[in-house]
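Look for subunit A in each of the two complexes below; its partner is subunit B in the first and subunit C in the second.
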Partner chain A sequence: MKLYLRFMGIHFRSSMEYKASFFMLGIATMIASLGGLLSLTFLFMRFHTIAGYTFSQVLLCFSTIVMSFALSEVFFRGFDRFEQIIRGGTFDRMLLRPCSLIGQILFEKIEFNRLSKVIEAAVVLAYAIPRSGVIWTADKILVLILMILGGVMMFAGMFLLFAGICFYTLEGLEVLNILTNGSENFGHYPVSVYGKWMLRFYTFIVPLACVQYYPLQYLLGRSDRSWYGLLPLAGFVFTIPCYCFWRIGLKHYKSNGS
Partner chain B sequence: MRPFFSMLKIRFINSMQYRAAAWAGVMTQFFWGFMELLLYLTLSRENPAAFTMTLPQLTSYLWLRQAFFAMFLLWSVDNDILDMIMNGDVAYEVIRPVSLYSLWFARNLGSRTSKVALRCVPILLVSLLLPKPYGLSLPPDVYSAVGFFISMILGVVLLIGMCMWIYIMTFYFITARGIQNIVGTFADFLSGSLIPIPFMPIGVQRVLNILPFASTQSTPYLIYSGYLSGTAALQAIGLQLLWIVLIVGSGILAMRKALLRVTVQGG
Partner chain C sequence: MIEVQSISKTFKVFQRDAGMMSAFRALFHRKYTLVHALNGLSFTIQEGEIVGLIGPNGAGKSTTVKVLSGILVPDGGTCVINGRVPWKERKAHVKEIGVVFGQRSQLWWDVPIIDSFTLLKDIYRIPETEYQKNLAELTETLDLADILKTPARQLSLGQRMRCEIAASLLHDPKILFLDEPTIGLDVVSKRSVRDFIKKRNEEKGTTIILTTHDTLDLEALTERILLIGKGRILLDGRLEDLKQQYAEGSNLEDVVVRLYEEYHL
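Up next, the complex of A and B:
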């Protein structure tokens, strides 16, 4: 842990060396995700509600998922770029070191410019919290935090899964971006908006609805089942099979020889 | 004219090599389009009065956009060209006895059409076969079909004209990656690629309809679906022509000027 903090410090200082480009990239990331917010706003200006949700309620959903994704991009980016680590031979070097592998991969890359997206999401969240019509009690605040953390873990699990696939293919599969970027993009709205089948898909195959739709039901008091509030934990559970898969991939790993 | 055709052909063959990437693209586009369709279906059921396009018009718009996605990505510029400008290899290009503007224009057109040629056929076929509320419908009449065809060509020419401006700016700024990202996102939004322009607030629509971005992809799709027809369609095509003259014309002039003052970095 101490080591991780040190690496974080190093990454932070190294990105601060190029301040202009750091802030430029930060702003660019922010603007890029602003497009989603803008289209959401415009759609609401025309339609007022979507599947019975008001603007601020959907914003609650939007901000938590954007924040989760951005946070997972800051800290778990190393796995997203895993193909480069494997192909460049960096991974072979990592195997030799007496440190935890996952830790080393996490140290590889920490992208602080994604924090601008976290800030954007926080602003939206701050706007949505008082207006969403939720009566905020201690347990509901806890659920909200759990939603964000569960989301981070879900995306981390996906990154881990892709990294595991890289052991076999030696290169990343673009198609899988449907899962990560797709979950972020479609997670802007409560998943039920896409119909029953998609809700099932995003409950049992990808746990997006568990960190987003079900706890939202609890927050808004739309459902009596209070265990809905605990479902974001599925995000944590999701990482277990992903981790197992990664381990299996690791056993099969043969260096690519470079 | 012949060098441009061969340039087109080279780029075409070059991109055709990446078939796996094309399949990945098809899958992604298809899933993306389908999810968005589901969202709009919910919206139309909930508030049909606010739904400014008819449902078949919207589905056609969405599927066409997914099919020709790679054609209209403003920010997917040719990185080789940017590198050439940055590292000075552009000098070799200038020596060639053809106009640089048309050479790069052809190069861009070639790589874009080849990308789309692989991707659009499966998406169009599947979406035509999908059942009623989900699928792509045929244009309502012959005029829409012809209008779509003409307006599509104009849209592509205009888009590449804009893309050329990114290269020209690189001559002055050397690195344009950051700006390129920001402009790209705005262009996505302004061209109606995130949500169709008819769904935006009226005031925003008025502005966007005049800006050149809407003339790239929004206009042809709206003509195809029959949302724009008759004089409105003709006006939109006229506007496309006007923007092409302005943007391509100014691009050619600016390129000539940029080449006069080009300093080759580090020879």
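Up next, the complex of A and C:
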């Protein structure tokens, strides 16, 4: 673990070699993600509830998923950018080191500038928590934390999946961003507003509803099924098949160039 | 001790026409050709040898080095190095080897060389005293004292290559793979790299496997040569014998050219 902190240190120092770029990227990320928040606000200036959810309740949903995505981008960026790691030959180098591959990939790219998005999400969350009409008890706070962590793991799983595909091909992978960025955008609202089929897709294929819609029902007291509060664990479970897929892909690694 | 028994590796090379439509179509249906990079490659290398892998571009030299160093998993065949299969016991295997790719860096680009070295010390879990000893030795023999505090990106190619070699030897590996270590270097740097490699082999008995296109490298370093072509070993012999057999004069370049011609490479 100490070693990985060293890795992190070296990357932090590297990114500090380009200070201006670091802060500009941080600010740019924040402005870009403000777009989602603004459109949500405008929508609620016209309609006061959407499918029975108030502004603050949707904000709760919005901020947890934005935070999950931003955190996963900070810590699991290496898998999201695995294509570059392979293309640049960095992965060859990782294979030559007597350390865990996952650890090396995680610490290869830590995007500290995405922390600006985490902060933004935290501010929105702080605004939404007292206004959402949830009666906050210890277990509900725990569920909220679980929602965020489950979301982080869900996105991490998707990144792992894409990274696994990189072992087979490096072409046309941009298309896959539809799934991650799409899930984040869909996640701004409780998934049920998109209809039954979307809800099913995001329950059984990608567990977005499990980290967002179902536990939200529990938080808001809309459902008396208290096990809904534990569904965010599906985000953790989701990473298992993704990891297996990545491991299988590893055997097919082709390296590149001379 | 390295034992390679009929390993093979096939790559699928995808083909795609230019343009948006074909990019989209390629998502569902791809055309590809099979390239047999290695096709039943076998050889044995004893401890303490210096072996030169030669062969034209695309012959499979780098693929061989990548299989031996555990980067690639071959489709078939066996490979045992110091009693281990490289891709099955990756971590234990890589602790005992050092690899230098002439066209790639293993140093962290933006930080001073010494920081990269310290990190490697932690990566390989080199004990402090041993690390200090090796570092002092390498700094002296490779003449690194003045450049240790410079970030890798600001070094000249020759300086960087010396650092790369030092980086691959900090953990005292038994086997050193050098993939075109002198590529792009000036004459003086080439000579100092060669001298160092030779000395390392003589003093520490490090097994060295070298791929190169530079015949002077071969002349200065290797006794044994493996000619790789079309994914297999075409010739395994001593440099001296080859010279006598293929060229009346002593020009090794002519020997290599004749070898390539003879094997239709």
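One rule holds in what follows: the second predicted complex is superposed on the first by the 253 of 258 C-alpha atoms of A that agree within 3 Å, B and C clash if a C-alpha of one lies under 4 Å from a C-alpha of the other, contacts with A are read in each partner's own complex, and residues count from 1 in each chain.
Simple rule for what comes next: a residue touches a chain if its C-beta (ideal position, glycine included) is under 8 Å from a C-beta of that chain, and two chains touch if they have at least 3 such contacts.
As the structure is a prediction and not an experimental result, all values here were calculated from the model.
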When both partners are placed on the shared chain, which of subunit B and subunit C touches more of subunit A: B
Partner chain(s) touched by A:Ile248 [first = subunit B, second = subunit C, both, neither]: neither
Partner chain(s) touched by A:His48 [first = subunit B, second = subunit C, both, neither]: first
Subunit B versus subunit C as contact partner of A:Val175, first or second or both or neither: both
Partner chain(s) touched by A:Met198 [first = subunit B, second = subunit C, both, neither]: first
Which superposed partner A:Leu142 touches (first subunit B, second subunit C, both, neither): neither
First (subunit B), second (subunit C), both or neither touched by A:Ala126: neither
Residues of subunit A that lie at the interface with subunit B and also at the interface with subunit C: 175
Interfacial residue positions of subunit C with respect to subunit A in the complex: 11, 14, 16, 23-24, 26-27, 30, 57, 62-63, 66, 69-73, 90-92, 94-95, 97, 99, 101, 103-104, 106, 108-111, 115, 119, 122-125, 151, 179-180
Sites on subunit A touched by subunit B in the complex: 21, 24-25, 27-28, 31-32, 34-36, 38-39, 42-43, 45-52, 173-175, 177-178, 182, 185-186, 189, 193-195, 198
Subunit B - residues contacting subunit A, complex: 21, 24-25, 27-28, 31-32, 35, 38-39, 41-43, 46-47, 50, 52, 178, 181-182, 185-186, 188-189, 194-195, 199-201, 204
Touching residues on subunit A, where the partner in the complex is subunit C: 2-3, 6-7, 10, 13-14, 17, 89, 92-93, 95-99, 169, 171-172, 175, 251-255, 257-258
